[in-house]
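So, here come the structures, one by one.
Heads up, the next two complexes both have chain A, just with different partners, chain B and then chain C.
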Partner chain A sequence: MSLFGTTSGFGAGGTGVFGNATTDSHNPMKDVEVTSPPDDSISCLAFSPPTMPGNFLIGGSWANDVRCWEVQDNGQTVPKAQQMHTGPVLDACWSDDGSKVFTASCDKTAKMWDLNSNQALQIAQHDGPIKSIHWIKAPNYSCIMTGSWDKTLKFWDTRSPNPMMSLQMPERCYCADVVYPMAVVATAERGLIVYQLENQPSEFRRIDSPLKHQHRCVAIFKDKQNKPTGFALGSIEGRVAIHYINPPNPAKDNFTFKCHRSNGTNTTTPQDIYAVNAISFHPVHGTLSTVGSDGRFSFWDKDARTKLKTSEQLDQPITACCFNHNGNIFAYASSYDWSKGHEYYNPQKKNYIFLRNAAEELKPRNKK
Partner chain B sequence: MTVCNFFLQGRCRYGDKCWNEHPTGGNRGGGFGNRVWVNPSQQKGGYIQPSSFSSHGTEEWGRGGGGGGGADWGRGGGGGSGGIIQMDMDIWESSGQWGFSCYSSFKTSLSGFTDLSPEELRLEYYSTRASGDLQSYVNGINQLLNQWRSRIQELKVMNPATRTALVRERHTHTHTHTHTHTHTHTVTVTINNPAPQASSSGFGSAAATGFGFSTSIYASTTASHIQQKYMRVASSHFLQERTIALKYPSSLRNTVLEQMLLLHVLSEYGDQIIKSILAIAPVLILNISDHIGFGAPAPAQANTFSFAAPSGGFGSSTAPSSTGFGTSSALSASSFSFAAPTTDKPAATSGFGTASGFSSTLNTGGGFGSGFGAEAPAAAGSGSSFGRATGSADRALDSLFSHESNMTPEELNQFKAKRFTLGQIPLKPPPANMLVV
Partner chain C sequence: MWYSFAWFDLYLVRLPWHCLQTFCWVLPQRGTTALKVKQLEQKDRPQLLQPSCEDITTQQVVLISTMAEGGDMEWELSKENIQPLRRGRAISVLHEALSLQQDGLSSAINQQRQAFESELRMYDGDDPLDVWDRYIKWTEQTFPQGGKESNLATLLERAVTRFTEEKKYHDDPRYVELWIKFAENCPEPLDIFRYMQAQGIGVTQASLYIAWSEEYENQGNCRKADLVYQEGFKKCAEPHDKLLHFHKALQARVSRQVMMNVEEEDSDDEPKQPERVSLAELKHRGKKKAIAPINRTGSAIRSISGGMQSHSAPVLGNASNSRLVVFDENKTQSAGPSEPKLEAWAAPPTSRAKENERNPEKWCGVKVPQKSKFGHTVMAPPPPKPTFQPFVEESDQPPTMTPCKINPAVNTVLSARKPHREETPLKRLQEHHQQQKEAESGKLQEQSTYCKELLLSGATEFCFEELRAERYFKKVTPEVRGQKDQACASTSN
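For the complex of A and B:
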């Protein structure tokens, strides 16, 4: 019994997409595979900040672990270290100086991992699984922001067991993003809240969701002056909304686009619609990438409103993606995202993280 | 003849052979190339354009009534509101997208959909797998799936009842989640089996403090009206439990009206929670008796119910407390023949059979009618002639009547006399032992 309908599920063997039973479609884009990937689905990926020399990638997974790899310039990946939680890890982020990694888990705690000493300390506690964690670096304070399924957003000074601040949300936190001085949180029941972080975090505005279905992922983008100016919001319905906070002309500037759907626009069979699992913006070009449950990633130019590229279909959904600090490397993770329920979950299936050279493909299209 | 949706977009592949109508002067070349980018505010006053595939979605391959739901497209948003929802439901069902998601149309969320992310379900699976009982997870998922399917079906069919419910939702406060006001009182009822979710009905502002009701309320107001006026019901369900939180102004606490509200709302939810109703029944009766001065009702009455959760709140006048009622605890059959309360009358009237110890006086409807004013404690002292409750009335009697030693001789004389003398009527209540029954 399939969970939501009769679309072609994954895990039906290596056939299907390429018609050849022996073709292994796990890496159709022929990208670099990261060595020693986690044993269960990867929930998050993050590259080290520019303050640290070199590129280090961390990935959290449903196997309760967070792993760190060094990505060398020749494309080689070297596993460096690993930390464990007592529950699946849902999100991870770096501190601004690159010395610490913060991890958030279903065990309701968040930990601070000092990479130099390879020690991890608990720094946060919630009443429910923590879905998102971000580091905030303000001129007058620094803290960790955690969003949880217990409907609260808490801010932690890592030295104290009590939160600096706790904000109540209308519903469970499903995703969040921070680019100082703006933070966006998308919650269940199509909730969307923007916070401003100057002086101290406070709620700035609650926004009527531009999407009709459940929110899945959010990413803030910046304007030409490098100030955060809006965000991209993805839903389970194969659609992304681009929303500016204070646009000169909201009707024209805000829009949505459909993505991660099958069948193109010229057939009569019903489309398959897939969830958008993650969105991330290229740090230099401002173009964005989306990855979906259909096992594809796509690059888009939101200013020219065009699609730049869509990948071939992988045999598993893509669950996470991120760019490194200078935008040369695009990392994406291929693992099961539970979009078809537990029947399609195969614990034996290998999970992958791929690295792709992103310098050329994400150049913006010139506007006509 | 239905209008061809594809022709309106400029890409009907059948051309003149198309079975649907190609209106002249309709939009042609509606922009094939950049179909992907939809600016929502340019269409239909700010609403997201539904997928153009819906109309063909449910047809046989190839030919078929392309119009389908497409008749609504391009006609303006107003009349087509039902049509868009149906199209969206069609797409949702046929596309294989995640079903445990909320849904909204025209900026209002439609009720009846649970919002659960894949991660939450996955975590649930992992936890139950660790504890060994995967079957309960599977059952829960199946239940949720069935709820989703039936809700989709409801919205696709869109019979008049669904439509009015939707319209009502749209016009009232649209948030279906609870927010607590400091002056409202919450009662939480946990139900073991999820029933089909009652659509969240319209709520007026529940801010009525100082709600002074008079006897006329009972005559003119049905319980459902009261419910709509005062109560905010929100239900959340996950897997097998369902919790309904009832909120109403604190001024209703410990009043008979509160009991009625609870009775009525609970009765709405049908068989699954008939146990709760039975559980509340003795409480109600006990409480009602409190208000009319039966004195401390024998707490022993509560013992006929093996009712696990709440602590000794039954004998006293506190309302059903906010702890979960735990319907799984089977209630030993009470001695009440509890007919489902459908009327607006206080439960004291008909149908309660022999409430042990209360029968005779309870059913004197006449005496109650007037005495049931909002001034509940005061009702005790009002002139209705009820005798002492069996036995244990003494404790309460102390508060209702004065002690003989407190009386001055004049007052005692007044009480002893057949009639009061004007100007010398005592201001204190008589001693209990001077009452003539």
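For the complex of A and C:
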């Protein structure tokens, strides 16, 4: 299912008011702009699962809201609905059947948003802001997993106010990812824990961090048989680690690579190192995308260990990214990530979500 | 004649103006009522209840009433784990802290700590030291056992190094107090005090000289202890009366000690039973095998080593060792009056050997021990060529392996283990200076583009979102009270 017709130019889908042909630094890649973007920094993006027809995108923001758009085949985006929290929304995810959206917020609660009825119910409560939320669908149970800055990982059956299970973590949860039967949580102080979710969630292994700096984002990848086999971990200093859980040869198979840095060849000036804000894997090709504080996104082939593409530089950091269920659309959000503190925050600056055709650019390179 | 200080059951105080070097527990017998404790205490140790001890007298009343009620004996079980504080502990806080800690770190403590951490980062007033000071005091009170959970050592270290350059704090009694606490946590407090003197921190504060002299006294070096006070007088340390008072107390102790020794010698009518000395080397008997003698006193002793007697030597020895380690030619020569070796201090000495902590550091080549022709592990060999093709960015230069400092092919110095880069505050500070120098000369290879100081300024790290969330919470509370409607109107599309 292709998103754009081959003849239509970018921005000509009638989406943005700013559909100018001249190069704006806010959209140097000339990607499709989503209409009615949030009013503050976008913290998370997620596309609807394949069980639902069409493509729906949800985005949570620091304006305490989470918005839902329908992305049509011709590239048009239609704002559909919005829900509010009483604090900034930090993460959001879909249920496996696409009927519900779960949102996690700084107000220490998580809500279940039923899209059909447009009602949102609180389903989880923590002692601190909830940083990550994921839906787990196991053969014998389904639940929500929430990771919070109160150092706990809790699992919720949405029908009950008490968690099904609560696991203590050594530190605050900074990011997490779930691909059944595996879950990975990266915490403060460079902690890294893998959980296994069969029968019931339990801690599987604590891993020494392959990175030397603060963990920022994590994403699980799968092998050829579609089983989760490892994860990519991004740090605050321009580096991503690819780590396999049970590789045949750990020293050889696990590696890290530098990314989101400036001045590659120029050695006279110091190289600027930027934070990696999000990592996302292409559902079909297994290649990955990273987005960073430098306002660029890059596509990588981890098996061939090569870079596929780096974008032009946007005038703001890119804070979130995701692929839709079939990998045709790549969405990324341009907004301030607070990497330089509050002095560099400009509330007047507009925030954007861009959509890009991802079918071709993320095809893996042939290994030499 | 030296009084060992009785620790009241619930109230643990180490009073600096007593000559105390040892504390002993006054353990009531099981079933003893509180009254008995008081009696014992008053009868035997009248001098201890001095007027300036008002804290104890009031607290004593409180604790006695608690005990008399047969209140919970939780603290009975934990009292040995409670670290003494100079100022003493507030009973209520101590009780609370102990009961809370039964269940691990409670969320109330977590929240309070989080509040301090965020205050550290959000503070934009004139007196950042105040936040650190309150944070550290709260930590001390809340974590009676000290220990790793409290992060106290880290906090102290961060606090002192953060303000080392700030001249305005050098004579601030709070700051000096922090340094003294930090010194107490270090294996070599004397080094810290010398460093302070070299840097001009606290040289006009009596508390520095008092703590310093106490340390000398603890090590048995009364002469140096006295010299420190002389130094303090020379520097007109304030408050002068306090310094005088403590100095007099020291002199009294020393003279008593001397008298005691003289008395003992005089009153030696009967030959004392020879006593065994600990850690003494004994002459062995037996011709072929060395067998320990049965009588281990008197002539059987070959030499006495260990114990208190070799303290004066290492004190100087350490100083000279440190001089070699920390010499930094770029550091301005400070006016160290009495000891010229102070000029060489570039950074505070080691607070502790941090084996269990790893800070982010440059990657060193992984080395696998290689076997020599004799089958022994010889040396750290060159990093093996990676069997995979390391990832190379298109526009980048070829990835460099961190250069191996030792060329193993040439260097025949054997080391089975990779040279361990000891992470000490000393090294960290030196590196920091190094980086600053490099940044000035433009030699710095990489620089991070995010607000590192903000993220790392407290005891634990923050992420961007936490920083932002703190600011959001700080902002939102006044808004919610009065301006809710306005906020809604402005954010709606």
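Heads up, the rule we're going with is that the second predicted complex is superposed on the first by the 343 of 368 C-alpha atoms of A that agree within 3 Å, B and C clash if a C-alpha of one lies under 4 Å from a C-alpha of the other, contacts with A are read in each partner's own complex, and residues count from 1 in each chain.
One rule holds for everything that comes next: contacts are C-beta pairs under 8 Å (C-beta built on N, C-alpha and C of every residue); 3 or more make two chains touch, one makes a residue touch a chain.
Model, not experiment: these values are computed from the prediction.
J.: Which term applies to chain B and chain C once both are placed on chain A by superposition, clash or fit?
T.: After superposition on chain A, which the two structures share, chain B runs into chain C.
J.: Between chain B (first) and chain C (second), which does A:127 come into contact with in this model arrangement: first, second, both, or neither?
T.: In the superposed model, A:127 contacts chain C only, not chain B.
J.: A:39 in the overlay: touching chain B, chain C, both, or neither? Say first, second, both or neither.
T.: second
J.: Just checking: does A:63 make contact with chain B only, chain C only, both, or neither of them? Give me first, second, both or neither.
T.: Only chain C; A:63 stays clear of chain B.
J.: Should A:210 be classified as contacting the first partner (chain B), the second (chain C), both, or neither?
T.: first
J.: Could you say whether A:170 touches chain B, chain C, both of them, or neither, answering first, second, both or neither?
T.: First partner only, chain B.
J.: A:335 in the overlay: touching chain B, chain C, both, or neither? Say first, second, both or neither.
T.: A:335: touches no partner chain.
J.: Should A:146 be classified as contacting the first partner (chain B), the second (chain C), both, or neither?
T.: neither
J.: In the superposed arrangement, does A:271 touch chain B (first), chain C (second), both or neither?
T.: After superposition on chain A, A:271 lies in contact with both partners, chain B and chain C.
J.: Quick one: is A:109 in contact with chain B, with chain C, with both, or with neither? Answer first, second, both or neither.
T.: A:109: touches no partner chain.
J.: Can you tell which stretch of chain B collides with chain C among 203-211, 239-247, 401-409 or 419-427?
T.: 239-247
J.: In the superposed view, which residues of chain A touch chain B and also chain C?
T.: Of chain A, residues 43, 62, 87-88, 90, 106, 129, 131, 149, 171-172, 174, 188-189, 212-214, 216, 236-237, 251-252, 255, 257-259, 261, 265, 268-275, 305-307, 337-342 contact chain B in one complex and chain C in the other.
J.: Write out the stretch or stretches of chain C touching chain A in their complex.
T.: 107, 110-111, 114, 360-361, 363, 366, 386-391, 393-397, 442, 444-451, 454-455, 460-461, 463-469, 471-473, 476, 491, 493
J.: List the residues on chain A that touch chain C in their complex, please.
T.: 36, 39, 43, 62-64, 87-88, 90, 106, 127-129, 131, 149-151, 171-172, 174, 188-189, 212-214, 216, 236-237, 251-252, 255, 257-259, 261, 264-265, 267-275, 293-294, 305-307, 337-342
J.: Which of the residues in chain A come into contact with chain B in the complex?
T.: 2-7, 43, 62, 87-88, 90, 106, 129, 131, 149, 170-172, 174, 188-190, 208-214, 216, 235-238, 250-252, 254-259, 261, 263, 265-266, 268-275, 305-307, 337-342, 345
J.: Can you check the complex and tell me which residues of chain B touch chain A?
T.: Within the complex, chain B contacts chain A at residues 11, 32, 34-42, 46, 48, 51-53, 56-59, 61-62, 88, 91, 93-105, 107, 109, 115-123, 125-126, 137-138, 141, 145, 175-177, 179.
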